[in-house]
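Read through the structures below before going on.
In what comes next, chain A is part of two complexes: it sits with chain B in the first one and with chain C in the second one.
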Partner chain A sequence: MYKWLKPYVLLLPAMMVILGIFIFGLAMGLIQSFGYFPVVGLNKITLKYYREVLTDKTFLSSLGFSFYISLISSIMSVVIGVLLAYSIVQSESKKGIEKVIYKLPIIVPHAVAALLVYNILSQSGILARILYSFGIIGDQSEFPSLIFDKKGIGVILAYIWKAIPFTTMVVYTVLSNINDRLLEVALNLGADRRQVFWYVLLPLIMPSIFSCFIIIFAFSFGAFEVPYLLGPTSPKALPVKAYIEYNNPDLTHRPYSMVINMSLTFISVILVWLYHKSFKLISRYDG
Partner chain B sequence: MSKLELKNISKRFDGKSVLKDVSLVVNEGEMISLLGPSGCGKTTTLKIIAGLVEPDSGDILLDGESILDVPVEKRGTVIVFQDYLLFPHMTVEENIGFGLKMAKVDKAKRVKRVREMIDLVQLTGHEKKYPGELSGGQKQRVAVARALAVEPRVLLLDEPFSNLDARLRESMREFVCDLQRKLGITTILVTHDREEALMTSNKVAVMLEGSIEQFGTPEQIYKKPASLDIANFFGEKNYIEGTIENGMFKCKIGKFKANHNISSKVKAMIRPEEVELFPKSADTGVLGKVKRKKFAGDRIYYTILVNDTEIRCITKSEKDFKIGETVAAKIDFGNVVFF
Partner chain C sequence: MKRMKRRELIFKVITYTLIFLLLFPLVVLVVWSFTKNWPWPNIIPREFGLRGIKYVFGPSSKSLKILLFSLWLSSVVTIVTLLISIPAAKALGVYDFKGRRIFKMLVLAPVIVPSVAVSMGIHVTFIRLGLANTFLGVVLVHLIPCIPYGIRILTNVFEIIGESMEMQARVLGANPVKAFLYITLPLISPGLVSAGSLIFIVSFSQYFLTFLIGGGKIITFPMLMFPYIQSGDRMMASMYSVVFIVSSLIFLVIMEKTVKTYYKAENYFYI
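Coming up: the complex of A and B.
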């Protein structure tokens, strides 16, 4: 009896912990973002904090900056990943060492990636020193500031370095699972190699590319350590701003932090929804 | 529409010879069948014609000119594969229009041509569907339409009906054959179905283990198989060894008039449908005992034991004999083939 219930019952303890923490945390955040934080004497539900934060210039520029670094780094990672995966598939080198090497960055933590980028690209970094010792630049301070810069180049580079292997791996898997014979059919019907890529290969892997893009985008949008270590002081990436607000010793300040968190959550939910959509497309293509 | 010639095509895969000296001529507008058992090299032959596989030696001529150096996409020899291979991310319309789009045919013309094709293969109403939403027969028609849309010089059909159920297969076969005749496209139909090959084509090429053993009209192939292997491929037969002397075939089951003159040891091939069974009282042919009997609806398959020799025969289902019953088997020696 009630056989269908069994898996749910068995999953209940684990689900209670996972969902409990998730829902509890979210609910607390939501309540606090509406200005209800009785511990410090805030008792009134209000939209004031939302109004203030959402019209605040630094918030908006942080939001824009986060979007900008996530978008640029995700697009570049995906494009480079696709090209790399395609060339690996084409080269057909079955055991090639590059297949191991390109995956290396995946296991390196983001914070370490940030330090690597710092060590190489900062004005006191390896690259600047090499250029200086070869006399190409007169002083290390002549080296363009790629770290802590307003364009977020250091952050973007760190993200790209981390994400390319991931996109390459995903796209490579998808590409090598595509029925080669579909490509033969396309050639047979008169498509040249370039057309085969644009009209058959790319559309077929597009849903996977898109979901890959969403994952990377969501990660770099919500992640804190890389822009914290490599980003400019202003504008700050949104997660960094949330962290700083959260650390404000004045606890009556907490609702501001929570509004920022809720904005991040809201955007994440939209991304999850898009991700879900892309999966529907993938399954249709299988038919 | 072109005349296609294969000249001494050979191909090895990993040192294993797959095609041996294959030669074949398909005249303009003709439809021939390439018939052979699984693994004999039929698909490889088509792929070589289409340029998807390179032959080790030999030549392919289209209207007298070698096309070996023409790249796949420019050959105009289009294959319809056994498993259709429709593009899953394109609708029926887009699939059919694919070749035209690649050839950069302008939109208006393309739309018109796709319309015509959809009418031709009777898929009106399904234009916007994706392959995942189509039945096997519909997918197959899309695949045919997609190939026809580019007006190929040669159409190569690789067992296009084998994935369909019996009824659909018959109607699709008729449909495609009509279409072929109507459009007059030079066509090779690959099949391992003997009946299909005999029914559909002007000529049949029988391929066994990578070489073409016989190439002729369906009647020639059926009536005068060039070798025992081909005869066997066309179904279970009776083979009786004996000798021919003075126009008489002498063997274990008796003496028969034979329209054959070589006087030596021969093997007579007797088709099961050329043995007729009568009650013992009919006093004709040779007497034998019913050993096995298989009922198959409109026919019955019998195995008769005549002097320790098994003879298989097929009768109409009215001829109902019991196992162990003695019957008279009359063999029509007019059509017997001697090897």
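Coming up: the complex of A and C.
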């Protein structure tokens, strides 16, 4: 009886949390972004806040900055992550410690990743000290400021450090499960190692690379800690900007921060949509 | 043959260089945490010391209490997330039903949509419901970033084991509870360990959600650590970070060992 109901009943607890907190939270944010926030006496639905925020220069430069950081971080992480995974597979030693130890950054929180970058790249950091001892720089101040800088190098490096092991883990799992015969066939037919990589392996791992890219991009686009700790005062990353607006003691200011939040959400959703679109394109390689 | 050797060597060099670059910052972190005096431009500290660890675990410090509280909170989050994820993953992994794709998209969406946006949106409602600044409220909001990982991993597991084993038990007369406890649970236990570890990590390292919804009343270890990182107090910040990393490692190992001894989790059936 009612057998068709079973999957829905099983999904009920998860959906209660997802709809009750996740979707509801987003909906509340959306409503407030249209200027409806009765608690502080804002009752009129308006596009005013969107108009103001989306034409604001500091918002646009923050948007650009966040986009740039996420794009560079995710591309670099994916490229280096794949290189590491491929190298581990190729240099396969029997029970290599390298298969475990590279995963360590996964359990390290982003705030600590920011500290690691600070320890190494600040002007009194270890890298500046090493360069000094080789006589390459004569003083702390000659070391370029790589953190709190407008190019976001510190932020990007913190994200890359966290994301490389993640990509490597995912890609390594796929690579080590690929049937060796596939490679032998290609080699027998006269392909060299490089061709095997580009025309056999890469298409097979492409879906995982893509999903890693999206996850890393979305995370670095929407996360607060790293740009808050290592980012420049201006332009601020979008999540930092949203939080600062949110913290404004004048509550009628809330809609501004919600507009920023909705922009973050909107761009992430677009990204997932693009991902599904392009996934269909590349999945002809799949299987 | 010689060419092969050289190729292998190149990849070994790449592997170890990259792993070195990933681990070197952690080595510096450990060195900093046991440093007493490390002036510019010394490459190694002038003096080592135990001030950091004494401060963190000292009798007047609340850090140990907060660490234990933090571990407890994340354990609760992990258990609740698993309890929610097991049935959902079974539905998504075993059955074919209308709207399956949409459900799957919905439960995975929190990985992509920034939790900053979700938490700021829900904050006022949580305040009104009396959930803000409470343990329950923080647990509830931690579920959001954790659920996708739980459901994703366990769905893969259920896709592999299917329903046949459980059905077999049912046909032989086991009631649903028994079939679940004695058949399904042992089968999915390796998946539970990997899902549980990931959920725990996500919850344990959460800063912003706890900070916003906990409102300074619910204090977890990352919140204790954050001001030190922010102020650039490298020795203390490094010590807190080392304590954080070591305690999560210990916790994960204990969790894996417990589940493995309980189920003698040799996974005969899949992977």
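A few comments on the model shown:
Keep in mind that, in the parts below, the second predicted complex is superposed on the first by the 258 of 287 C-alpha atoms of A that agree within 3 Å, B and C clash if a C-alpha of one lies under 4 Å from a C-alpha of the other, contacts with A are read in each partner's own complex, and residues count from 1 in each chain.
Just so we're on the same page, a residue touches a chain if its C-beta (ideal position, glycine included) is under 8 Å from a C-beta of that chain, and two chains touch if they have at least 3 such contacts.
Predicted model only: the values in this text are computed from it and were never measured.
In the three-chain model built by superposing on chain A, chain B fits alongside chain C with no clash. Of the two partner chains, neither chain B nor chain C is touched by A:155. When the two complexes are overlaid, the chain among chain B and chain C that reaches more residues of chain A is C.
Touch criterion met: A:200 reaches chain B, while chain C stays clear of it. By the document's definition of touching, of the two partners only chain B reaches A:192; chain C does not.
Centred on chain A, the angle reaching out to chain B and chain C in the chain A superposition, using CA centres, is 80 degrees in steps of 10. In the superposition on chain A, A:181 makes contact with chain B only, while chain C stays out of contact range. Judged by the touch definition given at the top, the superposed model places A:209 against neither chain B nor chain C.
In the overlay built on the shared chain, the residue A:7 is in contact with chain C alone; chain B does not reach it. Nearest C-alpha atoms belonging to chain B and chain C sit 11 Å apart in the superposition, given in whole angstrom. Against chain A, the residues of chain B that register as touching in their complex are 50, 52, 72-74, 76-79, 81, 85, 87-89, 98-99, 101-103, 130-133, 146-147, 150. Across the complex, chain A is touched by residues 7-8, 11-12, 14-16, 18-19, 22-26, 28-29, 32, 40-43, 83-85, 87-88, 90-92, 95, 97, 100, 103, 106-107, 109-122, 124-125, 140-141, 143-144, 147, 151, 201, 204-205, 207-208, 222, 225-226, 229-230, 232, 234, 237-238, 241, 244-245, 248-249, 252 of chain C. Considering their complex, residues 4, 6-15, 17-19, 21-30, 32, 39, 80, 83-84, 86-88, 90-91, 98, 101-102, 104-112, 114-120, 122, 124, 126, 128-130, 132-133, 140, 161, 164-165, 193, 214-215, 218-219, 221-225, 229, 239, 242-243, 246, 257-258, 261-262, 264-265, 268-269, 271-272 of chain A touch chain C. Chain A contributes residues 179, 181-182, 184-192, 195, 199-200, 203-204, 284-287 to its touches with chain B in the complex.
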